[in-house]
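The following pair of complexes shares a single chain, chain A, combined with chain B in the former and chain C in the latter.
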Partner chain A sequence: MAIDTGLLTNILFYVSISIIFAILALGFNIQWGYTGLFNAGIAGFFLIGAYVAAIAITQPAPPIVIAGFPVYPGHLGGYQLPFVGGVLLAMVAAGAVAALLALPMLRLRADYLAIGTIAFAEILRVFAINLETLTGGTIGIILIPRPIEFEPPDPFLNAMTIVGIGGTILLALLLVLQFIGESPWGRVLRATREDEEATMALGKNTFRYKLQAFALGGAIMGLAGALFAVTLGYVEPSISFAPAVTFSVWVMVIVGGAGNNRGAIFGAFLIYGMEWGSVQLKDFAPEALKDSIFYIRLIIVGVLLILLVLFRPEGVFREKKRVLR
Partner chain B sequence: MCAIFLAFVGALALAFGISILQYTLAGFVVGTIVMVAAIGLTLIYGIRGFANFAYGDLMTLGAYVAVVVNLFGGLALFWGTFVAFGVLALVGILLEVVIFSRLEGRGPVAPIVASVGVGLIIQNGLRAVAGTQQWNYAVTAIQDIPIVPGLGIHPVRGIATLVVGLSFVLSTHVLLKYTNLGKAMRATADNLELAKATGIDTKRVTYAAWAFSCSFASTAGVLLGLAAFIEPAMGFKVLLLLFAAVIVGGIGSPYGAMLGALVVGLSQEMSIPLLIWLGRPDVLGLEHATAYKVAIPFIIMIGVLLLRPWGIAGRQPAFAPRAFTLERLFRVLAREPTLADKVEGDRPGE
Partner chain C sequence: MAAESILGARDVQKAFGGIQAVDRCTLTVSPQSITGLIGPNGAGKSTLFNIIAGLYRPDGGEIWFNGTRIDGLPPYDIVGLGLTKTWQIPHELRNLTVLENLVLSAKGNSGERLLNLFLRPGRVRRDEKRWRARAREVLGLTQLDGLANEHAKALSGGQKKLLELARALMSDPSLVLLDEPVAGVNPVLVGSLMDLIEKLRQEGRTFFLIEHDMNVVMNRCDRVIVMHQGRKLAEGSPENVRMDPLVIESYLGG
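Up next, the complex of A and B:
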């Protein structure tokens, strides 16, 4: 049987990364779409999840020195926990950091929150790059074990496993979030977004609800980070967790329609599809565009942000209209 | 205030040697660059009421315009700065007409998202057109001028930057205090509706604010390019530093931005010796300790947000809490907040 598994593996890779972005978008949707908390530090929680999971599940990695030159600084950990343990730890860590960050930040106006969270994410990246004995420095953490090892190694089966695990997690998450969104708790979140004073006047402690929503969103982003670590098999600090990741997730949620979970997932597959497509098209692009195709992609993200905000702020899928019964 | 600072620096120099003065000087140079940019950023923050996330990339754009004039046009950098000043003023007005005027009354998030889009377009447009390589302005005079042994200042990177910064501060002061346009700007920033009611053409004021804001960005970009080199991400890398300066000084207040910029610049550069000391193997053994200097301004920013959210130079709003202590934090967590808390907590920067 001569099926081209190379192309299939490539497509599966697109699906698995899209799933990760979809989970990030769901986390952001809880914070912004439901509660109106504009988080500009998505990449930071993503980073925490990825590094915590990587440290928890890898083998010990001592520093490597060849002929007196340090080649690899090593990293913390080597606890060799199972995959599930790494994911749970990542969620707990990212959620806890989100809650701690929320304590001072959530009392501030939306623009302060955006500035504070993006500053937090960037400082975290400075630490990830420079705290070498903890994070492996610019090289990052490598040789992250896959959830299931095949013998002999088979990239196609690996990709299938990752998509299976990611898809299951995404579906479960979607169900839970849909349920939460319709629950009394979700109603308070939306009420807080629409009119915080009125919600407070109804006797709801809106600060506590905002804190919970922010922490839940952070934990979901940590989950995405853990999945990202096992999907790639390594984590590195400079590109994967740059502010551009945060901006991409914004576009995904705004395209899909803030406050709409299915829209967020649609947006993730669409926008990451564009990114993946630009990589595939690179070989076919005219010579003059070859080097700049990645930048053109980011320009398109920028143009989309502006056009959507100007002309279709509610996105492709509107949030469901809720009428008094 | 000045005397206390001089005494402080003098004592540090006596205790740790002359090198601390070199760091102080570097802090003033960084602070000056941040100051020029922060004045522009806070102008538009005050009048349009949103955080312009494209500001760093507007600085980069200004620096590149000056590159074109300086390297390809073969003119002196002064003319490059001049042309960039004019071009960016037009860019600013264009941004207001095409994008931001349509987002009036849509809350703070919509313009933030749009400005991030503008920033992405500028930054990656420059990458696509000019490539990712680094550029340097063609300027002479490379040697530092020694002041005392162990302490020197670069004639262009040091003295010229300080002079340009000082002239911008003075002209901003004259503009805001003694011209009708400046007074109208302050009135509009203070209360848009009231300014309209008194017959101020707030649209014209807004255009003027955009023009000044973006042309200040261009000059700050040139100074930044002069201090190091010019590359597409240079402005975005200092954007958060600018926000720190603006918040520390109090949002919307140009005088606060000046003070905040000095605090940010000095704290970042003067923390280097402390970080080097922390990095020694017998103290903490932190690797790459000086890389953490960028975190220092944000620690100060978070402190200011907690204790004086209206900024060190800003006016305390009528409803603001006197201080945000830890005890208060726990109290708030432990009980249901009242409506008064909400009103207080909602307006930290006004």
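Up next, the complex of A and C:
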């Protein structure tokens, strides 16, 4: 009996991208849901993770010039690290940048923090486009090796591998974040979110907690970036790390329920599912709707968000009350 | 500063724009006393408390607590030294439960350090257990035991005042600054609240409190300091202060 691996591969692709968004949402949840830090530069940390992993694990890629025309500027790299090494480097790099950025930025109030971080992410993206010899410019970095290479190449097995690895990482991350988020440490984060001045007057160095939460969230976003690089097999700067990525993650966490890790994962699968679903539906849609189906999705997401904010502002999975014995 | 005072302020100044909220204010608080701070609205009482607690940085002057100079220290270091303040307008952590508000207010809970969660799980568990037990005791003292697992935002105004005091006690302070501890609390509860403060004083703690309820000030304080226009106007026993013509004119009324 023949299995339609085309459709399955497609569904596995949906799951693998949802997992990546879920990891981004978990990173944002520790920053905003727990600590109240409204990071508008999610795409920037995602970018750092993707590029650092890509540079760490790819083959050397010298510039390509054909008949005097520069076809590809090349990129930094050729270290050929294993996948795990790329992931760890991506997390360390994104976490370190987040910590450094936090030193000046976490002294800003909420709305200015958002302005500062979105500027940071856009500056990074412009660098990624223009620092051609480092990043491959607008073409980006291609031929990123998969965690397991199949011979001959098999898209289905490849998608299975990615979902297996991503799912394992997501589950492990969820367990760790539940453990630390629901600990006394996580309680100080939530206190800081509620009232930073009062928390300081209760003896907590709130800046230290904000710094830790921000750096940890950044490292998690870097992890998502590394997974993204091996899932697609290439990274390019123009679309993948645009501000829209940041906005999508916001919607996922708001819909799922800020301060609830399971809600963040649910939101990621739901909101990315709507994007993926609209692509799938395009072939079945009546002729008149074919071209507008993407916009219809955006309208549905928008209406959903408005209804949610009006009738269930705490999200589908609301933050649970912590009953202590 | 005199060795016999637990808290001393000398020439403390603080201006907001053109308003000199605290104007070269000098005062001391004796250990194991209940010292009242009274004065008309805008006299600078709450501002002075916020400066002492490290929430505002003074423009000038010195503040000493138990032999340590504390002006310029961040609030959490001052709490660490044993000085805690409560808020005039309750600053409850709204979406944390009452019990969480209390356990959070304990000092030195090892689970509040990220690395300890992984490196010293046994100690983290023991500390958390111990502080939860202590929090239950303090809830009993402040008559909040029935509300332990309610969100703090669900409390009434008076209950939030009790929560302020309960949280302050969790940090085991030697000096508590109470900013209007009984405002909005029903009269019966005011009595038991002040009895509790008296009992805690006898255990060795010091209380420095802002209050407009003259019953509390006159019957419960050993010493009263009067502030007016950012400076100390008068000081003495409640009886003496009540008779002071300057105080009558500026605050108590004729």
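In this section, the second predicted complex is superposed on the first by the 300 of 325 C-alpha atoms of A that agree within 3 Å, B and C clash if a C-alpha of one lies under 4 Å from a C-alpha of the other, contacts with A are read in each partner's own complex, and residues count from 1 in each chain.
In this section, a contact is a pair of C-beta atoms (placed from the backbone, for glycine too) under 8 Å apart; a residue touches a chain by one contact, two chains touch by 3 or more.
The model shown is predicted, which means the values in this text are computed figures rather than measured ones.
In the superposition on chain A, A:286 makes contact with neither chain B nor chain C.
In the superposition on chain A, A:200 makes contact with both chain B and chain C. Shared-chain residue A:153: touches no atom of chain B or chain C. Partner contacting the larger number of chain A residues, of chain B and chain C: B. In the overlay built on the shared chain, the residue A:303 is in contact with chain B alone; chain C does not reach it. Within the superposed three-chain model, A:68 lies out of touch with both chain B and chain C [touch as defined at top].
In the superposition on chain A, chain A positions 197, 200-201, 203, 205-206 are in contact with chain B in one complex as well as with chain C in the other.
Within the complex formed with chain A, the chain B residues making contact are 50-51, 53, 99, 102-103, 106-110, 112-114, 116-121, 123-125, 127-128, 236, 240, 243-244, 247, 286-288, 291-292, 294-295, 298, 301-302, 305-306, 309, 329, 332-333, 336-337, 339, 342, 345-349.
Listed in rising order, the residues of chain A touching chain B in the complex are 38, 40, 73, 103-105, 107-112, 114-116, 118-120, 122-123, 126-127, 129-133, 137, 196-197, 200-201, 203, 205-208, 243-244, 247, 250, 254, 292, 295-296, 298-299, 301-306, 309-310, 313.
Those residues of chain A whose C-beta lies close enough to touch chain C in the complex are 179-180, 183-185, 187-188, 190-191, 194-195, 197-206, 212, 319, 321-325. Contacts from chain C toward chain A in the complex involve residues 53, 55, 74-76, 79-80, 84-85, 87, 91-97, 99-100, 103-105, 107, 109-114, 117, 124, 127-128, 132, 148-149, 151, 167, 171.
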